[in-house]
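Input: one structure, supplied below.
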Amino acid sequence: MLEVYLPILVLILCAIALALGSTVFSFLVGQKKPSAIKLAPYECGMPLVGTARQRFPVKFYIIAMLFILFDIEAVFLYPWAVVFKQLGWFGFIEMGVFIAILLVGYIYVWKKGALEWE
Amino acid sequence: MENLVQTAMQNVNFAAIMPSLVLSCCAMALLLVNVFLPRGKSSLICWLSLGALVITGFFCLGAWNDPRFGFAGHVALDNFATFFNFTFLIAAGLSILMSDGFLKREEFNVGEYYPLILFTTAGAMWMASGTDMMTIFLGLEVLSVSLYILAGFLRNRVDSSEAGLKYFLLGAFSTGFLLYGIALIYGVTGTTNVADIGIYLSANPAELSNPLTVAGMLLLSTGFLFKIAVAPFHMWTPDVYQGAPTPITAFMSAGPKAAAFAALMRILTLGLGGLQDEWTSLLWILAVLTMTIGNVIAIYQTNLKRMLAYSSIAHAGYALVGIVAANEIGMSGILFYMLAYTFMNLGAFAVLVLAGKKGEDNLTLEGFAGFGYKKPLLAVAMTIFLFSLMGVPPMAGFVGKFYIFSGAIKAGYIWLAVIAMLNSAVSLYYYLRVMVYMYFKESGEDFGWVTMNVGAVVSIVLAIIGVLYLGILPGGIMEMAKSAIF
Amino acid sequence: MTEHLLSLMTFFPILGMLVVLALPKGNGNLLKGFTLLITIITFFISLPLAFDDVFKTSGAMHYTEFAQWISIGDYFQMNYNVGVDGISLWLVILTTFIMPIAVLSTWHAVDKNIKGFMALTLLLETAMLGAFISLDLFLFYVFWELMLIPMYFMIGIWGGKNRIYAAVKFFIFTAVGSLLMLVAIIYVYYHAIQSGVEVAGFSIIDFYKLSISPEAQTWLFLAFAFSFAIKVPMFPVHTWLPDAHTEAPTAGSVILAAIMLKMGTYGYIRFAIPLFPEATQQFIPFLSLLAVIGIIYGALVAMMQDDVKKLVAYSSVSHLGFVMLGIFAMNTQGWSGGIIQMINHGISTGALFLIVGFIYERRHTRAINEFGGLAKQMPVFATIFMIMTLSSVGLPGTNGFVGEFLILMGAYESELRWFGVFATTGVILAAVYMLWMFQRVMFGELSNPANQKLKDLSAREVALMLPLLLFVFWIGVYPNTFFDKMNPAVDQLIQQVKGKQQVAMVENVIPGHLELK
Amino acid sequence: MTPELLSLSNNWPLFLGSMIVKILAVFVVVILMVAYATWLERKLIGHMQTRLGPMRTGWHGLLQPIADGLKLFFKEDIIPSQASKVPFILAPMMICIPAFITMAVVPFGPDLVINNFIIPQQITDLNVGILYVLAMAGLGIYGIVLAGWASNNKFSLLGGIRSAAQMISYELAAALSIISVFMLSETLSLRKIVELQMEPLWGVISFLPNWYVFSQPLAFVLFTVTSLAEINRTPFDLPECESELVSGFCTEYSSMKYALFFMAEYANMIVISALIATLFLGGWSGPFPGFINILIKIVGFVMFFMWIRATYPRVRYDQLMFMGWKVFLPLALANIVVTGLVVVLLQ
Amino acid sequence: MFTVTVHHYLVVSAILFSLGTIGVLTRRNAIVVFMCIELMLNGVNLSFIALSHFLGNMDGQVFVFFVMTVAAAEAAVGLALMIAFFKHKESIDVEDFNLLKW
């Protein structure tokens, strides 16, 4: 049962080996002449203005929330899609209701302007 | 697969979920109406949501004495559920009535507020009518999530935000326990259907001694006891009640509490009846603990909202006595008590709503001094509600206590009843103190800011009618409560 | 008419209350007058009871009314079940008789928030009448608790400077007792249901038939006795009384002393003793001891008081001690004496509180040393005060004598002989403190200039005292008017109690009670 | 005797052996394709813009990728002083690894039969294959956000967050758009989906394969475009747009770490191409033997993507979000409903 | 050869649940607390799925679906509340829940 995941495990190990290996190797062979200017964050050569650790627009947060919610709904659609043909009308109507409810939320979000990016 | 569809289709019975279905549809519709309305027109939503409650009420009425079952034993709209549904509807209705003026005063008249209350009510209905752990769990979550938002609704006020966050963290925490309990019981019995759990456990009594079953029962109860605010899971109650918007506090103290009671009663009696000895002895202790803590700490409160919060903890303790009695009288007593409590507590909070100022809707006792002379009518109303909370005849509270405690006494829990009585004696002190401030103390303060708005006044009047009716002629409702026991 | 007499009498005041609430709040005299009218009408409604001779012949309940109130299948059933017999008869009359006087006394005493006061008074009257006539324990409990609410506000709003403390103390003391009683009531009911006795709701007439196991009786009796003892008040739990009495407005103290205290003693006669005879027997020595302690302690403390009102208050503790002693004598003399003494106390102490009220209205002080030699200034007042003092002391020819004499007789005949002996000293002490107080207030130099220009009693005040005087002498001279109607009921109850006690003696095995968890 | 599916239980040495072989093959092929995709892109766009692109290293610059690789290896590995070290180093790997392991569920050829054991030409055949793909796609986002945050640079932070927002928005649309495919295939296993596409179209038209691009054209378009956005390719490459954000979340990166980002981007491009081919164009099925078919399809799509890059300007961020949420999402939902309706009606 | 039984899953889920509980009770940052709660929920999910597979009926897995959905909804609401709180207090340390005390 679980053995089908064994190859993936191995593959992951390979990928890690590749990523890690190349990083470490470049770190070893690459030259090192650090200087304060070189290590400063790059702002198009201008002197630094403030810090980057600051609050970013709440917009992104809202997008993230919407993603979580809608993605969860998508999760419901997958198993349904697989058995859809057997369910027939019944399944279709059930999912119709589901999507309708989803639409209520969608319209609400839309009208609230959560999807606007001035 | 085909026959699966067949059974599924046979099991669909929309009559069984009609009330909550109608309510949630109305709520969604209102949500949309709200976004299409121009800003500040939210009062319309308020009245519309009241209409939605009325419509739902009619559907509930149709279900009385006409039990419907459906969805493969996931839902049972029996009298038990219907009785509780009415309790929720009343709670929601009263709090919505007092909300309009409140939100206007707080200058935070946002329309989502009302649909959220409707969603909460729908969730409560699912809890009351759910006969499968899934339905009950979903109901609980619909209720909780909406309440988290409502508790923190006044987001421009720090106490409200803090209350919301606190309620959320602890609520989610307790949900974890609830789920783990369900999982364990599911593991033992192989089903999440309450009735089937009961059948399985009675079929193989060996499982009753299985530690997993007992652990599951404990964790499961924890989840609900948290919502009921039973000590030692009551820590959130005072803070959240104080911080939340007053109408929401009022609703919280009645609706969700009743819902949790409904679910707990169903699960314990139908599902885990085999473990009765265990849970009665557990709840015996918790009931005593709860009412004692609630009453004793309430004595030291100077903030009225907070005092009522602790008093609601104590009342949860009284109601638990009914479950401990585990007989018909006790159980139906809880139904009656919850209804009575809804009236008296929401009434009291409605008075607080009117008496509050913008931004500081939680009064202190001193702030209440002389209220009886400046606002006699409100004060009289408050007095009635307080006497009812004390359990003085001829008010609803007295009959409710009598009902529940007689159940306990009939089951032989004399000492529990005595302790409960002594507790209500303790409670006399802090209720009386409110009246002391209202009537026996003078103050220069003329409560000029108190403006009678229609909604709140109506809710107060309704509450008074309810309290007196349930107190003087409780026969009819008691009959209903009796016939509502499964 | 007559079959609904009791209901009419009981609920007439509350109807009046609704009207009062409708009246304009400004017009004080209108409010007072109307309330007075209501109470007087109530009194006249209750009069037919007094003149009905049926009480002479049978000790059963009369004027009974029965209506189903709450009935929840096999859960429980409460009925509106009322009636009077010779015992409650006179207490009812006393109530309806005292109320108008109390209202009359408020004419100058109460000046703020008159409307509220009047409404509460009427509510209170309904509650007290209801408690006296109800034969259904649940109904009784409802009225019993309902009494607290108006009295709480009376003390708290119109009381003296220490009123808040007094009011809360009064309420909590009484409520604590009654809550325990409620548990006992419910227990008795379910015991009745399970022992298969046919009961009409919480009807005590049916509960009399019950047979309850001794150990259960012990607890139940304690619950009842405790609750009533607080109300009486008996010795250890009397502390609320002086506060309440001293702080309450005159009318409040009058009602409290004259009627509400009788609830306790009445409760013993009607409920505690007949329901649990065996337990009573086992507690008589203890309770009689408390009664005697109450008598002497009350007297001694009264002697120490320098506040007239406090003195009267403590005298009630002493007097009620007598009543309790009479009741625990468990014989006809004791009981009749006890009941008549309740009425006496109602009249004389009520009157004394009124008198205190009079001088307080004039001088706004109650300190004994403030007065002296008032007799010269206000002779009428002096006369009435004298008579009331003597009646309270129990001088032969006044009502007090009859009651105390019968009580002591009953005590001597019962096994409480020695308690009787000690109680007798209480009579002497009573004479001492009352007369001493009277002498200090009335005789001697009219030294205090403030007393120089005191007015004598007005016509209203005299009119208010006359009926009381009438009864003082009526009971003192020809008490049979009362005994004739009282005795049948008393005899019947006593017989029943004794009978049950005998039964309990012979067959000491009794059907089991509810098992405790 | 009928051949049975090779599994760990019935012949573990062969299973393990074949597994190692398949993994190494796929891995090497992908790395090579990544390397030469860079070369291909430069040549292709070069010629589209009438330039030649790299010509010096080897014939037509065929050795250019290797030269680039070596150069990047020997570049100085700068870790900015303000950066939070560990996340800064982890981020590129976290982007790179998912990109490579997604290939695991893509079938690249017909089953082989070796002494009565069926060996599918696919690293592993999950019954929830597509969910695995989506999960891996989701993991990549963490790396980007982490990179943007760790390098402690305003541009990087903004770039990281932007790309995260963009990717989740389009991941949603992509996930919804392919559901209609599974409504037809009734399975989530990519292997079965390919087999289903080898039948005649709709069971009747014999000269055409039953590729889902025919029955689900809308889904095909939606998925192609959304996945284009999901892998941050032009015209949706705002996160690393040089002009506004000085190449966004990888501003502060240098040497091999920088290279890892690009490997990830190209690997993603290849994976997406492979997925589109598998879901809509019959996967490995086709006229040629073995894995030639799918290779052709993949390369075709890769070149298509490059063509788009050469042709289209970059969209504005608000347009981007608008398309994601207000165009693709509703279209996908509508597509599901319509598909469902049609399927039910045809039954 | 080593085979995984339902008990292993249950033990793991119990460990996850306990870790979550401990985290909730010990950590101070509201977001970390919430993540611990999510950990608890996932522990429960694990045991649900294991039991469902072991008992051979789907109820458990269906339940997990609902739990995930609910968890998502809670996450959305909870984080919103945290932001609202942060606006006032510039911190989401549970030590700063100090306004409402008795």
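A, B, C, D and E label the chains in the order they appear, each numbered from 1.
Quick note on the criterion: contacts are C-beta pairs under 8 Å (C-beta built on N, C-alpha and C of every residue); 3 or more make two chains touch, one makes a residue touch a chain.
Everything quoted here is computed from the prediction, not taken from an experiment.
Would you mind naming the chains that touch chain B and likewise touch chain D?
Common contact partners of chain B and chain D, which must touch each of the two, are A.
Among the chains, which has its CA centre at the largest distance from chain E's?
Farthest from chain E by mean C-alpha position: C.
Relative to chain B, which chain's C-alpha centre is the most remote?
D
Of all the chains shown, whose C-alpha centre falls nearest the centre of every protein C-alpha atom combined?
B
Could you compare the number of C-beta pairs in contact for A-E with that for A-D and name the larger?
A-D
How many angstrom between the C-alpha centroids of chain E and chain C?
Whole-Å distance between the two chain centres: 65.
How big is the gap, in whole Å, between where the Cα atoms of chain A centre and where those of chain C centre?
Distance between chain centres, rounded to whole Å: 82 Å.
Calculate how many whole Å lie between the centre of chain A and the centre of chain B, each centre taken as the average of the chain's C-alpha atoms.
40
Using mean C-alpha positions as chain centres, tell me how far chain C is from chain D in Å, no decimals.
A distance of 95 Å separates the two centres.
Which residues does chain B have that touch at least 2 chains other than itself?
Residues of chain B touching two or more partner chains: there are none.
Would you mind listing the residues of chain E that make contact with two or more other chains?
In chain E, residues 73, 80 touch at least two other chains, as defined above.
Give every touching pair of chains, nothing left out.
Going through each pair of chains, those in contact are A-B, A-D, A-E, B-C, B-E.
Where on chain D does chain A make contact in their complex?
7-9, 15, 19-20, 22-24, 26-27, 31, 72-83, 89, 92-93, 96-97, 100-101, 103-104, 123-126, 130-132, 151-158, 161-162, 164-165, 168-169, 171-172, 175-176, 179-180, 182-183, 186-188, 246, 251-252, 255-257, 259-260, 317-318, 321-322, 325-326, 329-330, 333, 336-337, 340-341, 343-344, 347
Can you name the residues of chain C that touch chain B in the complex?
Those residues of chain C that touch chain B are 69-73, 75-76, 113, 141-142, 145-146, 148-149, 152-153, 156-157, 163-164, 167-168, 171-172, 175-176, 179-180, 182-183, 186-187, 189-190, 514-517.
Show which residues of chain E lie in contact with chain B when the two form their complex.
Its residues touching chain B are 10, 13, 17, 20-21, 24, 30, 33-34, 37, 40-41, 43-44, 47-48, 51, 55, 57, 59-60, 62-63, 66-67, 70, 73-74, 77-78, 80-82, 84-85, 87-89, 92, 94, 97, 99-102.
Which part of chain A faces chain D closely enough to touch in the complex?
3-8, 10-12, 14-16, 18-20, 22-23, 25-27, 29-34, 36, 38-44, 50-53, 56, 60, 63-64, 66-67, 70-71, 74, 77-78, 81-85, 88-89, 92, 95-96, 99, 102-103, 106, 110, 115-118
How about chain E: which of its residues touch chain A in the complex?
4, 65, 68-69, 72-73, 75-76, 79-80, 83
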